[in-house]
């Protein structure tokens, strides 16, 4: 039995891909291997069936199979958050019940794309919380993906009214000032403290950790780096953390191309031997020969830098 | 066994609501009554599980139940088109197979909301057609709902490359010039002729029929008027058709308020004794007391005008 | 010297077109004639250089010429509001000073299109009000044109913080519930009362007047109807008001096609002998032969109905 | 007299800021110093009054003053492109004439934000080219800023029909595949070759140069790096180029936060002694104390890395 998600969530909650075989079917063997890999990286949690998990391209039955398989494999070692965003409340509620019944630690909810102002946004989350009872909720603030724009007061109102919202997945951009304001509202006692886990592929992770983010919820294909950076920041070794981050930054940036990053991410996981195929379900992007060559180049450079770092005596920037 | 949909589609294809009970469950008795009502209005066809049918708020199982029930009730008397739009190809394909297996005449496909230019749009429809084989397709051009903008050349390219697309559901606005251009492309032989059925709640129906639309695919709560207007235009009695249309125009306009019209439409169907409840599933709009009073007023005025027309000797405007 | 605009604004504030000659130059003779026409219709005020006034297509100098000409011609007989919306504060401030110096009663401000939440919207209007001092302001709530979405609380906060905002130009759609909520906030004393003038081409005018709108600020090409409808509603003759409105409704609806209505509106004004040319500056829509024929038909029908009404004894619907 | 811009444009065309004094007025002394700085960095050209130049916040007169000042200071040493984007054709044409008369090498045009499909986009550029005659044009493909989405065929049609379009400012994202396709169309002779200069703050510059981009048109506050990277790639020293780029990548990424980058960029230019004030005109972002501290950190790290590089013997990654 997994503990429920709460505001103490920190470190890296990796966004899991959903592995497919070359024919597009679920690949549960790769799924197991991917789970093992993530756990071996030291992630603090896992989030499945988010946008990066191609959730909308699965049938209901497939969503259940993937959820059950991953929860079974994780077996309570880390909390697993399940993405349940849905345009309708009934399917959202049904899948939440299923996921929690299987041992999920909480669910992630992105707003429907028709919400246009603070009142509609806060109203939506209040209704979702009424619907889901005491299930812990990760609120996803990701305007590029949802076309919904949260103000700081809107998030704070949701925090005030919805005790179930325990984690903010913060991936508004620019978002550094927003993060600071949310943290100030916690620090001065104006609002209940939640965990804030950042997204955006980790592109601003060092700056966000310096401003008080609790960690990241993102799917960068080298989660071991994200884990290590979080640890270094937690030990007040920000310069070392940022040095490490910057070794990977060219790839972090490369993966952050919206609508294209998922294909890159799956391909890197495939190259690393974690999943058998980089297949992305339609509609989706396919990598070209140029894309592959570019990835060869960037990965080759990364590996040389990592070798150089190992060979060299540690130093602080 | 229903005949397959083809480019001869004309007249009114009513967009069916999905009736719920007050507790939100499917109301299949009302569904039957609604089907009977639509048929009694003389509609030429029916479209189910479109946006107005709250398709995204149903579970997969419910979608199957509704589809089977309506197809069974219609029993081949008119062609039934089933909305199958889905962000993923796999669920789209699966539900299409189900619907066609149950006797649907074709399916309606709206594009996913991330398509941003002609090439992406035409590519999407070519892929959908490859996926669905010889299933007849209604292409839905509805920018307000999908955020996808079809140019005339993009539609024409789809028509040229995808023989399965036999009906264009045209609800771009302003869209009169677009309709004329499509018809010209058919008339001068540049492109295969499809049926063009207009939407937008019928707000521009007389002008669109005058410009050559084959009919309308819309859910206005008085489909008998739409049917009659189409007949009058078909008999070259445009003035009489427009006179009749204008009697209902205040309500046509009232129902056309985006995101609010569905609640009004269901309420009118309820008042007319067709469905038992006007329940709209969450997330959705609820009518206020003011909304009800306003509807009383508008319906009262309509009924008096209809009485006046019956009492008066026919005249041509 | 014109009186300043205040919350007593009511009736029809007609949105003035900007007349051009066939070669695209300002046509000041037509401008004078248009002003005279509007005044003869009994409008309570005039708004110039709004979106319908093609404000962004004029040079700074032309904007000044038009403003001076119209203010001179009106000569204080009715208040004139000048549209000053601008992506930059400096040009916005400079033109406001010019317009007020020439005798404007106030200015209309639409928000810049990058505002994404309540806080940004209210912040923007607070900054504009700080900038403009005690100049009376019409806030334009027109999401279709600005891509900015005002919640009721955001408008109320602006009303509370910005005493200069004396009129809300309300053209959100659906907007009836929003109008009712704003009026309730005034009625129960929670917020300072402003005038609410509706837009959207007047498409919902009878319903909006019934819900307490003070009038309309719109450019429908038959402003005499709008004036009369407002008078009838003010005399509690709603049914007569709505009867009159409905005679024109086919044209109201026809003009309300976004991005196309301006060309129709100018063409009707030209046919009525008010402006010499229906020229719309580039980029803009041009009417086709079909568009002209359609207008012939709709105007012909309108004129016959008006004749019928005059011939018939008055009756209440 | 400057040579006109043509398809041979390559290297770095720096996007110039518009320097203001602390009171918001134009600061022409800083403007001169900025021009001298850019030239000393070895830029191949300069682009003024783009989005980063706060063009929409200047009065017409100020735009002329800035244009004249910069063109005078540059004095033909490099080509200067002037941003002339405008919602109206008349102001667009008038300012183009002014700029070309002052010695500009060409103008940059971003599409108006209402264009929704390929045909509207290509139609717009054809009309602009008809309007401007033989003035060389930079087409700005920047969806994040304009909300206009160019397909490859749309750009190619513009290239085919509009010989004046000699440079594509490419800042769609993801955009690597688009760049490759455009280059292929040039290489195989299907379309006239134009220069392609990339934007997006240079975030993908090494990958874009490797795919055949001719350079960049961007405003990163260390243009000397961009210039050097272009030179290294031109000498086939891609690894060295990417090594140098990556030293600055943390700041490139930091500046690329939309709507916030301009304030950072001006502040860096101020710290480098190039402009007297980092003032950004309203509406615009102001840096907080945290923002300043973050910049201290990132710049401090950059400077140490640059020192390390100078101290170390050159090596190839």
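Letters A, B, C and D mark the chains as written, and numbering starts fresh at 1 in each.
The rule is short, and it goes like this: contacts are C-beta pairs under 8 Å (C-beta built on N, C-alpha and C of every residue); 3 or more make two chains touch, one makes a residue touch a chain.
These numbers come from a predicted model, not from an experiment.
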| item | value |
| --- | --- |
| Interface numbering overlap (same over half, different under half) for chain B and chain D | same |
| Inter-centroid spacing, chain D versus chain B (mean Cα positions, whole Å) | 47 |
| Centre-of-Cα separation between chain D and chain A, whole angstrom | 33 |
| Chain C-chain D separation of Cα centroids, rounded to whole Å | 39 |
| Multi-partner residues of chain C (each touching 2 or more other chains) | 259 |
| Touch-based graph of the chains, sorted into line, ring, star, complete or other | complete |
| Chain C residues touching chain D - in the complex, by the definition given at the top | 24, 54, 56-60, 62, 86-91, 94, 112-114, 124, 127, 131, 259, 281-283 |
| Partner chain C, residues of chain A touching it in the complex | 116-120, 143, 149-154 |
| Of chain A, residues touching chain D in the complex | 173-174, 176-177, 180, 203-204, 207, 210-211, 239, 242, 246, 249-250, 253-254, 257-260, 288, 290-291, 294, 297, 301, 304-305, 317 |
